[in-house]
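Lettered A, B, C and D in written order, each chain numbered from 1.
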Amino acid sequence: MDAAGFRAALDGIFEHTPWVAEGAFEARPFATVAALHEALMAVVRSRPIEARIAFVGAHPDLGGKAARAGTIAPASVSEQAGLGLDRLSDAEFERFEILNAAYRARFGFPFVACVRRLTRDAVLDAFERRLANDVEAELATAIDEIGFITRLRLVERVEGPGVPNVAGRLSTHVLDTHKGGPAEGVRIELYEVGRSARALLKQAVTNADGRTDVPLVVGVPLRMGNYELVFHVGAHFSARGVALPQPAFLDAVPIRFGISEPEGHYHVPLVVTPWSYSTYRGS
Amino acid sequence: MDAAGFRAALDGIFEHTPWVAEGAFEARPFATVAALHEALMAVVRSRPIEARIAFVGAHPDLGGKAARAGTIAPASVSEQAGLGLDRLSDAEFERFEILNAAYRARFGFPFVACVRRLTRDAVLDAFERRLANDVEAELATAIDEIGFITRLRLVERVEGPGVPNVAGRLSTHVLDTHKGGPAEGVRIELYEVGRSARALLKQAVTNADGRTDVPLVVGVPLRMGNYELVFHVGAHFSARGVALPQPAFLDAVPIRFGISEPEGHYHVPLVVTPWSYSTYRGS
Amino acid sequence: MDAAGFRAALDGIFEHTPWVAEGAFEARPFATVAALHEALMAVVRSRPIEARIAFVGAHPDLGGKAARAGTIAPASVSEQAGLGLDRLSDAEFERFEILNAAYRARFGFPFVACVRRLTRDAVLDAFERRLANDVEAELATAIDEIGFITRLRLVERVEGPGVPNVAGRLSTHVLDTHKGGPAEGVRIELYEVGRSARALLKQAVTNADGRTDVPLVVGVPLRMGNYELVFHVGAHFSARGVALPQPAFLDAVPIRFGISEPEGHYHVPLVVTPWSYSTYRGS
Amino acid sequence: MDAAGFRAALDGIFEHTPWVAEGAFEARPFATVAALHEALMAVVRSRPIEARIAFVGAHPDLGGKAARAGTIAPASVSEQAGLGLDRLSDAEFERFEILNAAYRARFGFPFVACVRRLTRDAVLDAFERRLANDVEAELATAIDEIGFITRLRLVERVEGPGVPNVAGRLSTHVLDTHKGGPAEGVRIELYEVGRSARALLKQAVTNADGRTDVPLVVGVPLRMGNYELVFHVGAHFSARGVALPQPAFLDAVPIRFGISEPEGHYHVPLVVTPWSYSTYRGS
């Protein structure tokens, strides 16, 4: 593949910055997709500070006017849309405008985050946490985030060996230790628990092995943030013919947990009787 | 004590029905307060069905116009007020009016329930469940409820040996099995979880033994219904210097449970690490 | 395949009784190995009672003189040897002789059990339990046991679709909820716990996923009986640098459990911190 | 109280060393028994090293000839007898002789330990651990042990406010989360688990609250060492009418744990169903 082909193949991964692909061209061939991505990021990180600031500066504001107006790069459009940043309420839009302005005023470049790895609350947390950084640390953080963004884009574009892991996994398992086996037919709901609202992400029912037929989340990064699983165990025990008081001691069991590793495996089982339960981060 | 004194001592316990006290006068003396109450209820239960219907009929509607207008017996006033039945919203008032009317139409006497043993949701559940009864079973249920009401009133009025147990108890205990001892300083909230809303009932902080200084509820009946305890364990582990991810896997741990025995002891402990927890109905 | 070939292919599965294979010959072909076995057992079960008694009577005593002298059918030799019934101490030999004699005196045929599905204690338990049966029930039990024996032999001899499940599985998993992940490097021992002795069956060490590289038992029936897993968690926590008291609260954690389903899956996990643990029959 | 009376009151607490009591006489009066003991120990600790070595040197060997011959101080006799050090087998006696000789050769004074706070295994562990000390550290350790010995003796001799805590406590609690309440009638055994043998220390049966009527150990120091509780839960579930397989998954549940704090409270509960259990160090 010649330089033009190489550049074309990577077009759109690093927005508006063809010199990244050009800089990595000489280092070909790459044994793995992960090595290719590391080489691309090494090109960015080796540039002088002004160039790195300009590089970060080429990214759009999160939840900003450009996102609303649809004038940002196509990949950014769908990424920001996934988090609902293109349809913020006016109050939320204003909050993002204020944070973006404060951030730009402090650092001289826009706030960049890999929103596919974050819930909206986690974006706001990151804003606040990162506003406390000094410029150098923050520049490195911004470039790390661009690393996450471009790694995801690259994995979707390029095929080959050694694809870096960009997907997390959330799974569960319900064990009924009153009867001594998997709990079948338990209705489960998964919510994202935001500071001001909760959103139902998924519903599922356990199969004969007490698991869901497919993991609750699989194949994509888990968004950092807070979640709640609700297990409808009262109906399960009633269906099994277990005598329960009215109301049952346990009916809808909520398990609230945080996700901090977007590429991690979170196994959150429920070991339950009509009178007790336990959970833990499993594997 | 002569008959008039006896009647006066019990005045107001059975609303507007002096014949209950009169009927039990001959059976004096009573070894225990519980025996006195059983004798009073036996007087009621031994009356012919018309008399029993009239007896139940002397009670006010729950959440009805009389409660709003304040024209019911003083004891009923404070009992209904405890559940907020004197300050229903218009929609709620209407719901109670409809249920009261349906109940009266079916049975010919007003719906009576010992509201100090019930949450508002449990009152509505009881309405629906009891509307399915036949008249005889429902009359017995209504008189049982009057038994609960008058037992509570009697215990507050009369002193003596053998006072019947009218109080439940809700307690908790937080064990930190990461460090191997009680979790001190954990903030706890207790909510009533209604179908359409939740209400904060109590806040507490665990002491050096991992318990609250006083039980979460003590000395009164527990209202049948659904509850949630929230344990702020993330702050506890942070304060102990345990390194936690951002966000923590466990931060605010909710335990949702139902209470069906107003005079029971519900001990709901939390055994917790930064990565696991269990709970059970203890003792 | 002609009748002679069919008989030859099944030779040795039903000891000294060619008529079983002959009786099933007409029902060919069989869609599955399981169907073949069921057809063979149906031949046995359809015979008159005298023939069934004679059929059971053709089996050798368990742990009897024939086993010691090596004059029984080759398949029986290795099956009884697996349980150590060919090398009983004199006292044990005498115990089996007495039980065999009592059983024969009561039922008129020898005690038959599928010893590959039993520990030695479970054999003795079965002797005692089955001595209480009436003749008809016991004859059916004996033929069921021959069904288990021949099913195992058939699976080892015949290939084809629909092989019946004859293998159980015992597995474990160690979760360290002090650190929030699998416990790697935990030494595990599996013992058979007999009434008078315990025998180390297996040692293993957990891998990075907290599991053993291969299940503790796999591919063969689990012997009904009592077992103990011992998990050396003290060394694990010390190796992780967790400060432990001297002696540690938890060092070698024993989990004692019974197996009643030789073809079942027993997953026996340990969820552990230096100060707590839990286990359950998982899946 | 004059000096002679003071000395007489404390006679026998510090063996053969009247100067300890004399040294503390001036500091009278003591607000608490604990303060008295601290004053006595301060007298010891303030003496020059030769005097402290002589002080320790006045103690008898543990498990030595003097213990066998009965020529040591009366308090020492009963303390050593409590651990069985007066009736060692010849092999054990030899082991203690060798350790005593090695210790004396290294430090020039006899090995002293408060044996009422130790199991025999813990004594042997202490021998080995303390042989690695330098003389100064070991002299301090020996005097600390004399502090434990004399504190126990003092508490038994003197009355007054502020008695120091010398007693530990071992308790348990069995919760049946299959039925949702305390497990009554569960037979429990407590064993000391030594390296070469185990000894049954106590048997008990749970009461209606799932506890033993008195704690398993109370009012005396807990001996540092390893223990096992065995809970006979299979019989409990059978008695409740729960259908169990043969053999039961859980029958006799062992909980093995170490005690390192002789004056601590060890609460070791069992939360159990026929298919699961958990335990933890409670409070």
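Before moving on, here are some points about what is shown:
Criterion: a residue touches a chain if its C-beta (ideal position, glycine included) is under 8 Å from a C-beta of that chain, and two chains touch if they have at least 3 such contacts.
All figures in this text were calculated on a predicted structure; none of them were measured in a lab.
Steps from subunit B to subunit C, taking the shortest chain of touch contacts, total 1.
Distance from the centre of subunit B peaks at C, each centre being the average of the chain's Cα atoms.
Mean C-alpha positions place subunit A and subunit D at a centre distance of 55 Å.
The mean-CA centres of subunit B and subunit D are about 48 angstrom from one another, to the nearest whole unit. For the pair subunit C and subunit D, the distance between mean C-alpha positions equals 45 Å. Multi-chain contact residues, meaning those touching two or more other chains, occur in subunit B at positions 177, 180-181, 249, 271, 275-276, 278, 280-281. If you draw each protein chain as a dot and join the dots that touch, every dot ends up joined to every other dot. On subunit C, the positions that touch subunit B within their shared complex are 177-181, 249, 271, 273-276, 278.
Taken in their complex, subunit D has these residues touching subunit B: 173, 175, 177, 180-182, 209-210, 271, 278, 280-283.
Per the touch definition, subunit A reaches subunit B in the complex via residues 122, 125, 224-226, 245-254, 256-261, 275-281.
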